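Accompanying notes for the structure given below.
Chain IDs A, B and C follow the sequence of writing; residue 1 opens each chain.
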Amino acid sequence: MKSRLPINIINGAGMIIVVVLFLMPFVWMVSTSFKTLGETMTFPPVWFPDQFLWENFIKAWNSGPFLRYFFNSVVVTFGILVLQFCTIIPAAYAFARYTFKGDRFFFGLTMITLMIPPQLIFLPVYLQMSSWGLLDSLWALILPFASSAFGIFLLRQSFKQVPEELLEAARLDEASEGKIILKIMIPMAKPVLITFALFSFITHWNDYFWPLVMTTSDSARTLPLGISKLREVEGGVAWNILMAGNMILVIPILIVFFFAQRQIIRAFVYTGVK
Amino acid sequence: MIGKKAFPYAMITPSMIVFCLFFIYPIGYMIYLSLHDWNFVSPVKDFVGLSNFTSLFSEQEFLEVMRNSLVYTVLTVTLTTGTSLGLAVWLNKQGIVYRFVQGAMFSPHIISLVSISMLWMWLMDPDYGLLNWFLGLFGLPESPWLTDPSTSLLSLVLVAVWKGIGFNALVFIAGLQSIPRDMYEAASLDDATWFRTFWKITLPMLSPTLFFLIIINVISSFQVFETIAIMTQGGPINSTNTLVFYIYEYGFNFFKIGYASAAGVLLLIVVSVMTFFYFRLLSVKVHYR
Amino acid sequence: MAQITLKNVSKRFDDEYVVNNMNLTVKDGSFTVLVGPSGCGKSTTLRMIAGLEQVSEGEIWVDDECVNDVSPGKRDVAMVFQNYALYPTMTVKGNIEFGLTNKKVPKKERESLINDIASIVGLENHLYKKPQTLSGGQRQRVALARAMVKKPKVFILDEPLSNLDAKLRSQMRTELIQLHQRLGTTFIYVTHDQVEAMSMGDEIVLLNKGEIQQNDSPMNVYHYPVNVFSAEFIGTPAMNVFLMEKIMPYTSNIDKDAHYVGFRPEHAAILTTQPYEDSHCITLQGQLLTRETLGSETIYQIKHRAGNFTVKSFLPPLEENNKNVFVSIPYEKLYFFDENKEQDRDHHWKQASSLTVEGM
């Protein structure tokens, strides 16, 4: 028992260092967001501002059409989510429960799509969108993600685990295919659907790359783009305003993370363990 | 009423349309464009064969871009994977304290790269940044971080590692937890040392996870864009210009579509090779079971 | 209530026949048991009747309607599955109600139907629980209730008792028999357990390799097996069957044209001393190999030069050291089969008459 004490101390100290390394930057972000411009320009840095300047947030919010950005972000994120649910549930059901000519081919297509990152195809998609006149619209941000190969993959696994007998029982109960999906498959796959929804929401809420490529004006820009524009304020960077702006972007996600830590970790680690 | 035969096709059609329109077709289109010279506004696309590729490789700037991408990828992947493996083995325990530490490590993964980039720009600020103050505390010389070509790429690697460790460690932990306990019990009955147990049991059992993480880390490192676009814009002196940023600049700022597409095809090759390995790995994994 | 007719029904998977040219009539109101070893096609037959499996050839009729192209939900059949197949996300009530809602039964009627059924199967207090919280027997009752509430023409039960422990199984067996008597509906029941088949069915359809071996009442199947398979499958322990030529040396009064001869273990008497010569019996001398005492009965394995065989006796067990025993079987209890393992017709009526006499 005696020998365990120093190991515990080393262990504990190590964990404190890890936590500091990962959380300190966020603490610094919060602290900066309440400082005056002068306080950001002192060296050595001050940890606690003299008084909490809430107006930094108002300044950040008013420095651009942030209501617009926010609105766009909400529309894009939820638009994607709703469309994805409408497309991946039937597709996953078909892949999990039917054998049809070409099913392997189409599933292969899905798996290939799963491996194609947006960074690879943004240029041709941009040209396509421009020829359809959809550039700089929310459609350009939503449509390419109207379905999700990852979602189909995840949901198919979970649909496959529903015993066949259950579906046969439902068919004998005169349930239509739609009713089977709605009343049996979806309730049984609920944890996976929640997991996927969290994954998709966080991914698209945070996305910077795609809106950057597809939009040219504030009318279609989303929150991450708006926040990144804060940097281009005249007369050098005002770090306090910038950090306040980023708080607006980060806080909602951190709150969600706090309440659904387990599901979120599972949602992202799933990608890793599949 | 849809016929019975047509039913599954109807179910997958919406998704397949999305995939073909926005993922499969664009790849073909990109390959097509890479063989042409086009400036986006001109009505004609001149077929130029492989000359976009040959001129890419004869250009000093592009060779630097490839070197940057390679260095960035190798450093990021080795540091992320190695560190997170160590952390995973250490922190693979139950209990609220460990859950908290795991959660803290993971938190950067769900934060927007915009915020991460800006936060680290601020931390790395050469005059008022927290990092230089920190170095000073330990009596170390201050670093120019992003503002000097000699340290800028390494600074970006640091950010990527910081962001990636938590995710990697948690995937490792999931892998560790899938190793059957009785293997460790057998090893301890065989009086194996911790070190031997790690080398002979943990690591081999973890190898599918390890390879998997290396592959997806390579793919995502080759695609790095956000941190560069926000923190350095490829500078100073092209020292942090990497593949996707290069494609973006040539496509959107210089309107050399064919040129940018050719670079895109190179990225496609990297991703394809990695994907090939990934599917090979998947099929091996299936064999195991 | 309905009569079900299978006309030349076959089921192929690729080129392999699972069910081959089957003709069968399930009588209205009967309790018909499909029984056979695993892979004999009994479940496939059942699933074709339910509509869960398409027939490859032939027709299935329910009363005077050919239902080949009728979807399962519209066939007016209800099924109880081996693993119950209860919807885990719904309550007991939701499970029972699901089919009614799909049939668009008005809410008021649904409520009264569910309450009636629940009290019949004794689930009144569990209506709002999820199936996972119930015991095996209770789940079985939910599955029954779900099937009953639809008032189907035909009940289809696919090995419904195989997941229950022995005690509960025999209890549910009696309950199912009572349920059948009460409803008067046609029951089609699949099992691989011949005890279940014998005890529950009023009609047994014995299947092997996709073909019907025998279709008769349980007692007839037991007393008049039409072939060796039937003789060996029904009855525990199985009937002892020998090649005729192996037995010939030990007897003199048997006709020679049969190819196989058999007797049931329970029809033989086992003695420790040589019995008197009896022209009505065949006597085999053998060695006692093993003895299983089951309380009311004893089963002996006996080694004989014609081959090992089994004898079941209801007398007090023999001492183990009686290595040499004599087994005698009355001639009228012998079964004869021809070279195709079919019942030898000449002997058939002879035995039938003698048994009829005995039965009176």
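By our rule, a residue touches a chain if its C-beta (ideal position, glycine included) is under 8 Å from a C-beta of that chain, and two chains touch if they have at least 3 such contacts.
Being a predicted model, the structure only gives us computed values, none of them experimental.
Arrangement of the chains shown, judged by which pairs touch: a linear chain-to-chain path with two open ends.
Here A-C and A-B are compared, and the pair linked by more C-beta contacts is A-B.
Taking the mean of the C-alpha atoms as each chain's centre, chain B and chain C sit 63 Å apart. Look at where the CA atoms of chain A average out and do the same for chain C: the two points lie 59 Å apart. Each chain gets a centre from the mean of its Cα atoms; for chain A and chain B, those two points are 17 Å apart. Those residues of chain A that touch chain B in the complex are listed here as 14-15, 18-19, 21-23, 25-26, 28-29, 32, 40-45, 86-88, 90-91, 93-95, 98, 100, 103, 106, 109-113, 115-117, 119-128, 143-144, 146-147, 149, 152, 177, 202, 205-209, 212-213, 224-225, 227-228, 231, 239, 242-243, 246, 249-250, 253-254, 257, 261, 264-265, 268-269, 271-273.
Contact residues of chain A toward chain C in the complex are 163, 165-166, 168-176, 179, 183-184, 187-188, 190.
Residues of chain B that touch chain A in their complex: 5, 7-12, 14-16, 18-27, 29-30, 33, 40, 87, 90-91, 97, 99-115, 118-120, 122-123, 125, 127-128, 130, 133, 136, 162, 166-167, 170-171, 174-175, 209, 212-213, 216, 219-220, 223, 225-226, 229-230, 244, 247-248, 251-252, 257, 260-261, 264, 267-268, 271, 275, 278-279. Interface residues of chain C facing chain A in the complex, by the touch rule stated above, are 50-52, 71-74, 77-79, 81-83, 85-90, 98-99, 102-103, 146, 150.
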